[in-house]
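We call the chains A, B, C, D, E, F, G and H, going by the order they appear; numbering starts again at 1 in every chain.
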């Protein structure tokens, strides 16, 4: 709960307009809703400016649909990530305008229109196999009100492909760079732009990439300044952070 | 074998009431039963106050049922963990009152009633996906004679959800805190209670959580005092230890 | 801050005895003291029942002495862990009754006498080289008001040494078991007692023990129920938790 | 080299004002200076808007001073990180106004004044031992023209200390959160702000923190959105990125 | 793009034969083709002397066939690695002369004949289970114009089998040595030849080989000079490098 | 090839009874047989006293049957490990007396009778789930001519079960101890016998056992002397070595 | 305590020659001696046939000398490993005939003469840097009554050096093979002998040998049968086990 | 020993010119020299075309000088790597023309002049701190008769510095690329040349580079073809292999 809310409640208590027990009650109801298997953070949007996002993995289709059902009662866009087609079928029954993106593995329900700022986010992938993670980032950024430019398959083994897109990259307000294997692309992008680079290691590859560890370590130890890293395959996290920076 | 038993046998030998060879024989029979594929620790309850629990994983349904069959001849509650539905079907045939909990993956057979102390155990989960492990902990604590309060989905990303449950948490005699991903919840709980916290890392997550390693390391290196850790996904171990502390 | 305090302040506001701004101020002062390089958690004792303990490692002797100086103004025992002799010399100048334990690497200042319960804590070490960690656990438990029984060098390679101490171990309310190398001792102790076992892996050893990792993994995967684990070499954490359980 | 430069050179060639060979020569000289042991990236500021920073570790004092000497001929602020006192002594001889920060291990030479935007960066540390890394971040952000607010020792084990600073944290345009051990602080901060959080794991701690690995993994797997991570102990990288975001 | 191309374009601009804007356009088109999900590196053959190879893993059969279709318009041999039978069926429809090697998991389309030098490459496997990786290396080397001699199942546990093939090994211009488990074979081969040895660790084995890590570490720390290592199971990389060396 | 063989050939050359070229030929034929996908080490029995054993994993049923077919032409017992039922069906067609052990995953064909020495090997398992690995060890030892005593499910959590079998254990000439999880059993056995202990870590367990790593590290760092370790799940290796020691 | 002792005591009790309390007392005194910082396992020799060995690392010189002083009262040879010169000086004062081996880092006191069997142990090192570990193995084997043959610097990079020593290796009853780096030597030795091979990985090397991990993994995954592994740098363990096998 | 030698000896035996015992003796003497602590591989040059190189690390100065002394009796250049200044002082006394390179940590004694081929090797470093490893590679290549071009500090964070050196890189017959941190430089170089690239990861860096592991993994998983990797910091291995390829 933010300061204004607390101040208002305290003032009402002082003025005798609010009973202490009721105040305690109110503070409780303000901020979350229990569904038995989940405790939805209603308070999140007030606190961080963004609604809660549903992380599908490890939940049953029924649980995902149940959370969506509750969130439909509120006035925000809804995003679910790491979903399966089974989840989408369940959700579709209660939200006919739900949009499923099979590559990104997301469900999006757009209830309000968030205008994009004039700037845009570039989402850059090193290889074709990195597309699902990149698409998760792009879809996330779009539903939170951002224009996204996608740049595909421009890894360092043929670095001139990257230079062909130089203007698109340098004019972005923030770059999301998605790469597996050795994860070298963010270092190169970071060396040619003066804007933040969000590096996303992917688990794409074989042999000594150890589920994305090699890309992760490569990105963390990158010599290029202005670069930070999110979790392996975490397209959502990158898209969310990119939106946050683009909308500053 | 405990001291009293040994003393009694030694005294009988001294008094000429017991032959040395028979004594050796007796000591052998007292403490375990061989089934060919398993050696059941009959002696365990005398020694530790708790009957042996069946760990289902890696055993065949026939083996699990065989062990249950033998244990039914004794006067204790029976608990099997990490079971499959196949195991339950086999067990059901010889123990019609066996209760199967699909979330916790347990079979419980309640033959005696163990009264709970007045205090209770709180089992707290960071996210919905941690429920199976938490449920294993709760079921275990319950069959060993404890009252359990479940608190669901109160992870640190929306920490006010935790504070809503402050009283329930602070009044527990011991808290079991189940969390995956970064495993930060036990640190926060440990900082607000004056009772033991048992942290259970789960393998829930993706990317750099490496099968629960990140949560495990986070919990081990926690700055909060009064916290200890059990194995990844080890709901049973946490529930058992919580019972032991609650019933001290 | 605990519920009572909050309730009292809210009531005073309601009764008009307390101004909102002053209330906010009061809540702030109640709970911590900033020293520039540290923010001391005054509120901790109210919240958890235990005063804050100074972790010496990574601090300068001046910083340790500065924190001690501030804490001397309050009415609690003071414990500093992972200290060097240099830190002790600095502290001695402002607290002449400070006691330095070179094996445990602790400084203790005893200002109040906390009566021990009738039960005791057993601190068991597998080998001579584990003594510093065990002593840190013992000193910690003692300053928080517990009787400690030390059992030294009874590792599993000569397991009868452990059985010699069976009574002392089985009668303890909680056992702290400190072991390096393969870390097998807690499994054996856990199999013969009906009380909680706190396992402390140590970094003692060579070769494939990898700084305590082998002992840590061994303890985490222990087959004995009722066992939990603290961080490698974390004698303080084990002693603190043992005290918490012993004083339940 | 940026597009404008290239366009100008190509146009001059077209107009007959520039010979092809001279053009090739010019492109070469424009962008770097070889010192034998280092190749200074003169072109960097044009390309990324920021001058190159000297990474002291692994260089001799003579090499550091040599690079500083060359950079003094240009009109930019100079920053060297991971320096020793020996390096400072050498540098002082050629740059009397060089400022050495022993905690942050930096040398700064301020030749131009970069006005700060009205917003500020919060640099938050979990514990006293994290101060050197936090200070490196703060010094870096300051020399690149930013106002920095420092918040010290507010780790999750006493989380109310953090809440005391809520306004300062929530009003920052970007938060740098520095933490060792379990690295849980960024998750908590990320859950209460609507601005980017840059998490810096430190190698502070002992036992199973494995040189910062536990904090790193904890931060990467954080459930809080809007958080990204830089390398272990990489205060410079965090400060640089924070500056980039603050000055967007 | 290489120097000659650049020089020609610059000269044409100077002579007034080429407009600046057209030149920029030309540089862009020269080097790659975008297919939406992939950016094909047309420029690669000019730059490195070898056409781009299709890495099948993580691509859909449609994507693989789409890339093949585009590449068929150019005059080079085509190689796809890590393919499935489904991919082959799709490719066969547009390239009836495509050859599928089920052991090597490759598709090869031979459009031009590259004459082999008089020297040859030896591909040596430690065990039968290493054959798929070895075959990938051999097929790769062959399509790039090399003669290959295969030597099978000559691991160090029966080292005389290797000595039986001594002449074939010593007369090769370069040896590719494929081994799993402890990966000791390259050390032994490296000790008896005066030519480069390319070591390929495989993920074959069980227990502590950790997906090829033990073989990889063994090969990296090999005491034999003249040996270098490629990624685990990377038969393609070894065959490609061997071809490069054999054709020097 | 052993010294006697070499000496005989050299002498024949000297006496003019053998041509140099024929000698070279003979040395080649003596020691191995190439099947295309495998090079069978005929020479092994002369060299080490034991015939080659077929490692089934990673081979096709056809390859296993092909190797068996060739080995049937020689006068030795045949053992194949890590086999599937498919492999057994293929082998059965050419060797009707082949015996399949589904628990141990072995095929054995007994053509000669190797008399056992009077001493025996004890194969001890910590838990029921370790049985497959233990059985592989036992079957291996038996086919190489040894008497085996099996002791099942006597892990350290109920250590008196082990003491019940003390005589059987202490009278064995060599003990094979198979354990997963924390791998503590070999330490305890090693502390009570004066004979070699071969420790076999298994991948049985969950959480932080990391595929047998915790058991492996525990056994390697064991404080008990006289213990050595084989690879995770390597029952064959343990049985083979035990046979070697028992038959010394 | 072994069965005979127990039987005798039980019989005496039965005959009324021994009081129960005295019997309990006797069992206690028989088996160990407490020195405060150590509990010496007097019973070990009866139980395992070998006296306890002092592990110097992590003990003070005073503690080592104190243990030696007590052991001098008994009639066995004394061996201390991982000692420093300081420890030797302390021990020398109470045991003038103590022999210090600086390479092996051992102190040996020979009080009785143990005759060697006619067979011998070969200790083989891959490189000069492995000598300290090999020497620890050799010294250990010698003091327990064995003849040792040392074979130095015969690693696989020049494998003919090994073949020069073939007779010495093949005639040994057991081979101890000490190697760092890729640890390939035991595989090769194991392939040419019909006797047990004890592999000792050493921490010698650099880069990706990770403190002996590469050698350890290489040896564990060795394809050669009859090989087992002890801990990294554990020359003592190898020498002790070799003695046990040689004296069977 | 190579085939010709063996053939000659066998022929002499056949002709009665050589006795069998003497032949066996001769084969032994031909190939190595025992110094007690080392077995020098005289035969190496015949077998591989290169003399043995002395690896200084882990040897005493006396041992290094002793090996040099013996090698001086033969007619080859001598190279010692990983030496200390103490070793150099000892060697200087017996070989006054020994040359010490403090950066590369090598001693070189040039007794014969090996003419370089017309081609050359490029040794490229990513940063100033990588110089010692690069210099070891360069010195090694030079003493084995190669021309070396050094290119310094051209890492990917300012990739135009690399393009400035394009001609020098593309005209080399083989490129050695030395890089720490994320190890991305070999990927970029491999993408622009048609010659072999030998990648050398260095342990330079901090945080999550884990002693060179991040660079190693990055290089192994590189997407650029034609690249292989040697051990971390193994400048010697890279220089040796580069020489082998350059002199093919």
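In this text, a contact is a pair of C-beta atoms (placed from the backbone, for glycine too) under 8 Å apart; a residue touches a chain by one contact, two chains touch by 3 or more.
Just so you know, these numbers come straight off a predicted model, no measurement behind them.
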Interface numbering overlap (same over half, different under half) for subunit C and subunit D: different
Angle, in degrees to the nearest 5, of the Cα rotation that carries subunit D onto subunit F: 180
Between subunit A and subunit D, centroid-to-centroid distance (C-alpha), Å: 26
Chain centre separation in whole Å, for subunit G relative to subunit B (CA means): 40
Distance between chain centroids, defined by C-alpha means - subunit A, subunit E (Å): 38
Residue numbers of subunit B (touch at least two other chains): 47, 127, 157-158, 191-192, 207-208, 210, 213, 216, 220-222, 225, 231-232
All touching chain pairs, where touch follows the definition stated at the start: A-B, A-C, A-D, A-E, A-H, B-C, B-D, B-F, B-G, C-D, C-F, C-G, D-E, D-H, E-F, E-G, E-H, F-G, F-H, G-H
Of subunit C, residues touching subunit A in the complex: 7, 10-11, 13-14, 16, 20, 23
Residue numbers on subunit A that touch subunit D, as the complex places them: 2-3, 47-50, 53, 166-167, 170, 173, 191-196, 198, 216, 220-221, 225-232, 236-238, 240-241, 244-245, 248
Residues of subunit F touching subunit C in the complex: 126-127, 155-159, 181-184, 187-188, 190-192, 205, 207-210, 213-215, 217-225
In the complex, subunit B residues that touch subunit F: 1, 28, 31-32, 34, 36-39, 41, 43-44, 47, 52, 55, 57-59, 63, 82, 201, 203, 211-213, 216, 231-234
Sites on subunit G touched by subunit H in the complex: 127-129, 131, 152-154, 157-158, 160-161, 164, 204, 206-208, 210
